[in-house]
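See the structures that follow.
In what follows, chain A forms one complex with chain B and a second complex with chain C.
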Partner chain A sequence: MRTRSVIYQPHVIVVLSLLVVFTVAIVSFSEAAGGFLSTSLVKTLGMTLCLCLVAIAMDLVWGYTGILSLGHFAFFGLGGYMIGMWLMYARTEQIVIEAAAGAPLPPTPQEIQDAIGTQIFGVVGGSDIPAIWMFAGSLPIQLLLVVLVPGVLALIFGWLAFRSRVTGVYLSILTQALTLALSLYLFQNENGLRGNNGLSGLQIIPGAEDVPQSRISVYFFVASAVALGLGYVLSAWLVSGKFGSIIRGIRDDEARVRFLGYSVEHYKLFVFTLTAVIAGVAGALYYPQAGIINPAEMAPIASIYLAVWVAIGGRGRLYGAVIGAAFVSLLSTWFTGGRAPDINLGFYTIHWVDWWQVLLGLSFVVITVYAPKGIAGIFDVLSRPAKTSARPVKTAEKARAS
Partner chain B sequence: MQGTEGVTPPFIIMLRSLCLALLCLSVPLLGPACAQPAPTPIEEILLQNSDLIEESSRRTIEPAIAALSESGLPEAADVMIMWRDKELWRRKSDGRFFRIEPTDDRDTYLMKSLVTGEEIGPIGRRDVDQIKPNSGIRGLIDGALVQFQLTDPNPSVRRASLDSLARDPSADQLPILRRAIKNEAEPGIKAQMARIERLLTVRFDEDIEARIEAIESFAGDLGVDVRATLNPLLTTVRKAIREDPDTENVAATLTPGTDAFSYDAAYDFLVSQDLAPKTINAAARDAAIVANIENGSVAGIPVATLDTRLARDAAYDKLTENGAVSPALTEAEREDLVDTFNFFDAYREDPQITEAVLGTIGAINTKVRLNEMADLSLDALSLASIYFLAAIGLAITFGVMGVINMAHGEFIMMGAYTAYVVQLFIPDRTLSIIVALPLAFLVTFAAGVILERLVIRWLYHRPLETLLATFGVSIALQQLAKNIFGTQARPLTAPDWLGGQLVFNDVVAISYIRIAIFVLAIVFFVLLLFVLNRTRLGLEVRAVRQNPRMASSMGIDRERVNMLTFGLGSGIAGIAGVAIGLFAKVTSELGQAYIVQSFMTVVVGGVGNVWGTLAGATLIGFLQKGIEWFNPSNTLAAQTYMIVFIIIFIQFRPRGIVALKGRAAEA
Partner chain C sequence: MSTLLEVSAVSVSFDGFKAINDLSFDINEGELRAIIGPNGAGKTTFMDIITGKTRPDKGKVTWGETNISLLRKTEAQIARLGIGRKFQRPTVFEDQSVFDNLVMALKKDRDPVSALFYKRSTVDIDRVNALAAEINLSSQLQRKSGELSHGQKQWLEIGMLLAQDPRLLLVDEPAAGMTVAERRHTTDILREAATTRAVIVVEHDMDFVRQLDCRVTVLHEGSVLAEGSLDHVTNDPRVIEVYLGR
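The block that comes next holds the complex of A and B.
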């Protein structure tokens, strides 16, 4: 029944149709189609769609299952690294082969490898291609790794954590520690991912150098929109049926669900791993548009921001996550980009570049304390509460806290 | 070349001498006699060696230096210093020596007595020669001077000369030093002399027995100088000979073809010793092939097929057959050549010496390693006390109220900035620290209470959301600090008495700041134990932690207890901020650097227990230093491994080292 009904749920219909309208509008007004939207704006919007996708994943794991993971942006970054490796390797390989074409002798495979190694790793003082790059030349394998690396990492970590029943704040800190460890690991030059230089030049797609960036940006925008739409429908499908009831039950009272005979750990592990995979896919779409990825992107604070988006948008409902991510990230870009008008108070001028973080932090406090339903809570006020969306969980948590 | 007499009128000389004589009443009031005093004994010696000094040749100068240094005259050292510093001038007419001072008159100098520095009179510039000893002679004079300094009545001169001797030792100082030891009365200097004498003996003595004895006397000595003296004795030189190396003091034989010493390395070594022809490497061979391309092929092989190493080697061989290029030795040939040699590293020193050194330095190294362990433990202890200070406030709020305060790091930062502001107003460092510690506590206590009243008390039933709300506070505070204090680091200077370090020996040392932080951590540990276990507030805090409802029923004001607890935890963060600011840079990101470690300290240690935090901080501090010990160059890797370790640790003790038991744990 639910497979049939998921598409008819009002919020799915609204979100999907808005997404379609938005995508069609952006594509038709883009620079590539002769419109007025600049390439960089299209890229920013495409990246925002990816952030919305990872926010949905965060909402699934936090808003629905109650696991406040402070590590999902790390999975996002891992996805980006996996696709970035192919982009960088394949492009460098082309450059090297082109350069070798002018040489008197045709290059040996070893020479090509050495040249690629020097090109990519010269910046960290190496020339050997590390073992983790062994599949970097193959797009299908790297695409598979986009899914596998975050998935397997989440599976192992989740299995360890849930098995020993680490919950609540402890789990949050543990995921934060994982994120920190991962970013510290990537920061090291000798670990084969170019240290704090990260991977760059990702906006150029190997084999499509002749295609202008304006067109590529549109392709990625559409791909991001499709991924977001699929992710939304998948998540809506998951949370609408029995599975959704069980994970919400875990969120509200884990012990009771366990006593009802459900294997709580397996459910949590499944959601944790699945959302890590979604985050990885979102990252793989995001970073070719951003053009560069480095370990700073995966610092623990990024994952906390992810939670902030979901909380501001309204957790426990999928469209809330989408709204939050789109709203806060676009607003952030606007304010920190220096485009917001300064406010002159006479005795002091508020430069938003300096004060945006303060405003964000404080508004976040206000929303958490006074509007725990987030922006999406407005819809509750406008209409009667939707039955499918998550109910606030005050009573259960109150019982646990006391 | 005899110059003309000076043109200064005699009465001027008289006048000057008179003035001088009036100044120094001891001198007889006889002008001419004052101008030409009889030679003092030291001048006599100089006069006797006048020609040698004038000749200024390194080969012949020794008797002159010896005559001076062995004269036993007190002013000999001064004269030698003057000589070395080119301040000695010789009058041509009679060969006597003076000091000279330039005058306003272009043609004359002012002569001064060597010994007393009295002005004697003007002299024509052409009538004196400056004695300019060359560097060789200056070295000889320096060497001779050492003995004067070593026997100088002033102990600080003796110490200084010993220090310079230890810095820059040479063989000829050894007998001088040995003589000086005999006459040294002060035990401290005598011991130091004896030590340096042994070091010099190790390096320069010609008697092997004496050297060995000196080497063995250093067993267990941790001094850096000892290791610096002994280690060079073990330097080796790599050799390759066809015969058996029986006559050599072999340190290690090298077998070509092993991991440590490949055939390529062996062959390269032979090439560097001119024992084998140069290899024609791949790049050179490729260049040769490129040079022989004719009509798109090399020796009949099309260029397009040369895209593997094998094909290129085949082409090169073809070229060799044609005689176009010189043949490259094949790998087998090179290995055969290598195999005809014995490769080994040989010590430069005599076997008896190296044996003694190896034995002594082995013992020293063992001791050094033990001391390094001790040093590392001190480091770990100080790191642990920093983590303890940073985390204990968090542990209190987390343990008692179940609230994770993400803004804790910003409270640490706030404390550091408070201390910085205090320093702006109170220049005296000691006083400003004394003021800053309680003030930082008050400021962050107030901030904590405000945060609790405004935000946290609304979220007690939603613990995960306090994490996010306080995170909002954290980014707002961080940006505020940036807006107020700018992004660059602000200095927080420790008072002078906290500068420097406590040195146990050449290996073990700890800075006073770290000791102070350690003491501070202990003070707060004891204080908190006292507050929590012996005061009314502590009782109430524990009651609320164990069962909030029951505590309320008993008349405990939960709100008040929570507020005070949160304030206390935040206040301690402020104190920690002052301590951390003393050695780290005060920036708006100061707190961020410690927050994750603090969380881990709390989680590993176990929540709601001062002892748990102590255990957690100790474990993490020692762990981090321990991992750094294995991989000293890479602190990033050390942190990574530590976090991974902690994640695994949590698997086995999910509630930390010191876990609460019973009903309190379920609260």
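The block that comes next holds the complex of A and C.
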């Protein structure tokens, strides 16, 4: 009964409708359908949808539950690595088998393994397939790992941190440390994940090599849109009922929730782990569109950006996260892609590639100080007149309170 | 009447300062008790110890028929055993409606999965409405609780306590910041509550305590100074000394 009512919430209806319209438009005008949208643009937009999904996860954990995690982009990256392992392994295996087809003697399984190992790990001076690639040949298992690896890591980390009642800025620092440790680990050549080379060629889907990228890009775009839609509905359901009341209570006054008899730690752990899983899924859809993943993607700064998007979009409401991620990441692509016209001041030329970060930093500061509700706060302003006439007292009181 | 809560020889110090000093106290099932005492007497700290917020350095706190110790339990576990608490400064979830505040407090399974699949039954809605009527907030159910007046917030918090259906209510300064009429209603709520459960009320206001018409415990410098009827304790020379000597 409640699931149905969630779908009827105005913001859910609006977001889902816009998503459907957007998806249909992009698909119809894509290169694959003979339209004018280039494949790379379709990929960028598909990736943006994935970023919106991870931003929703961030909003759940930070905006609703009050846990400022600076590590959720690491979970996103882990999801990418897990699917990347299968993409790379399965494709290399095919290449090796095809190459061996011409040989007079059929290769032994060991020879195939060695050839795959050399192909994948040659760049880091290895030829053995590391133990963590044990299941890389199996798509179902790697898909499971997309969910399990971020989920279990978040569960263990969260259990330790929340049980010891680490909160606030200390928790943020701890999550940032986790992210740093993870990315430093991934940078090592001996770790079995190709060090700073990362995993590449992820845009080529094993078994679908003949399908042109223009089509692949559309498939991934649609998959990303579906994931975002499902993630949005799931999150809306989560925050709408009593569970939503409790996590917002934890955000605003954790001790009070405890004295009501709720084990705050369990709720935090639940949200932390669930959002890590959502982040992992978003990453697994993102990196095949990006084509490459390397440890730099998971650098601590990425998780901080995630928080910035949510803050700019408006935390504590799901569409705020979507708006923030879409708006900032697309602008960022535009500015850093060198497409923004430089501004010549005569004595100095503003190169947006360099100055975009500064602009972003400034907007973050301005928004946090002057518009804590973010871009989504605009909708409050737009819908206020109706409310004012209905309940003048309430608005007056609000004005006094603030 | 059997003893519901027993606090024996409890001490706690903060940085060498003894806030609670060898304090012993007990309360029976269904009893209404007032605790008075000057500022800094340790009244709030006493409640902190019972509810698991502060661990005592020594002493025992036991609960219920089976005398289970509360000392190793978390705040949430103690609350689930049936001890509800209202704080000195009213603490309600200001960002949420009065209705949602009350629903959150209703006695239900407290784990995340139950909360996730919780559906409001008509029984629950009736219960919330009945509580709202009791705390004079029927017309405010849909308002954000942050918009309520100070006194209304106090009532809401008491309502949230009642919603938990606890066996013991700890109420820290419920009448602070209330008008005379509001105070009278608060007395009624507390006396009504005490007909079905034990209630401990901390209050400074002597008139308010007189209205409660119950046994009184006087705390001073972290231990019990006197206990008995209000007239009895207010005539106790040591109590007079403590109150006038300030």
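A few comments on the model shown:
Methods note: the second predicted complex is superposed on the first by the 382 of 402 C-alpha atoms of A that agree within 3 Å, B and C clash if a C-alpha of one lies under 4 Å from a C-alpha of the other, contacts with A are read in each partner's own complex, and residues count from 1 in each chain.
To be clear about the criterion, a residue touches a chain if its C-beta (ideal position, glycine included) is under 8 Å from a C-beta of that chain, and two chains touch if they have at least 3 such contacts.
Only a predicted model underlies this, so the values are computations on that prediction, with no experimental measurement involved.
Residue contacts after overlaying the shared chain place A:F270 against chain C, while chain B stays out of touching range.
By the touch criterion defined above, A:G249 lies against chain C but remains apart from chain B after alignment on the C-alpha atoms of chain A.
After superposition on the shared chain, chain A has more residues touched by B, the comparison being chain B against chain C. Legend: residue contacts after superposition of the two complexes on their common chain; A:V358 is shown touching chain B, with no touch to chain C. Residue contacts after overlaying the shared chain place A:L238 against chain C, while chain B stays out of touching range. Once the two complexes are overlaid on the shared chain, A:F259 sits against chain C while remaining clear of chain B.
When the two complexes are laid over each other on chain A, chain A has residues 394, 397-398, 401 in contact with both chain B and chain C.
On chain A, the positions that touch chain C within their shared complex are 1-2, 238, 241-243, 245-246, 248-249, 252-253, 255-256, 258-264, 266-267, 270, 394, 397-398, 401. The touching residues of chain B, counted against chain A in their complex, run 286, 289-290, 293, 303-309, 312, 398, 402, 404, 406, 455, 458-465, 467-469, 471-480, 482-483, 548-549, 592, 596, 599-600, 603, 634, 636-637, 639-640, 643-644, 646-648, 650-652, 654. The touching residues of chain A, counted against chain B in their complex, run 66, 68, 104-110, 157, 160-161, 163-166, 168-170, 172-174, 176-178, 180-181, 184-185, 187-188, 300-301, 304, 307-308, 311, 354-358, 360-365, 368-369, 372, 394, 397-398, 401-402.
By the touch criterion stated above, chain C contacts chain A in their complex at residues 51, 53, 74-76, 79-80, 84-85, 87, 91-96, 100, 103-105, 110-112, 115-116, 118-119, 143, 146-147, 160, 164.
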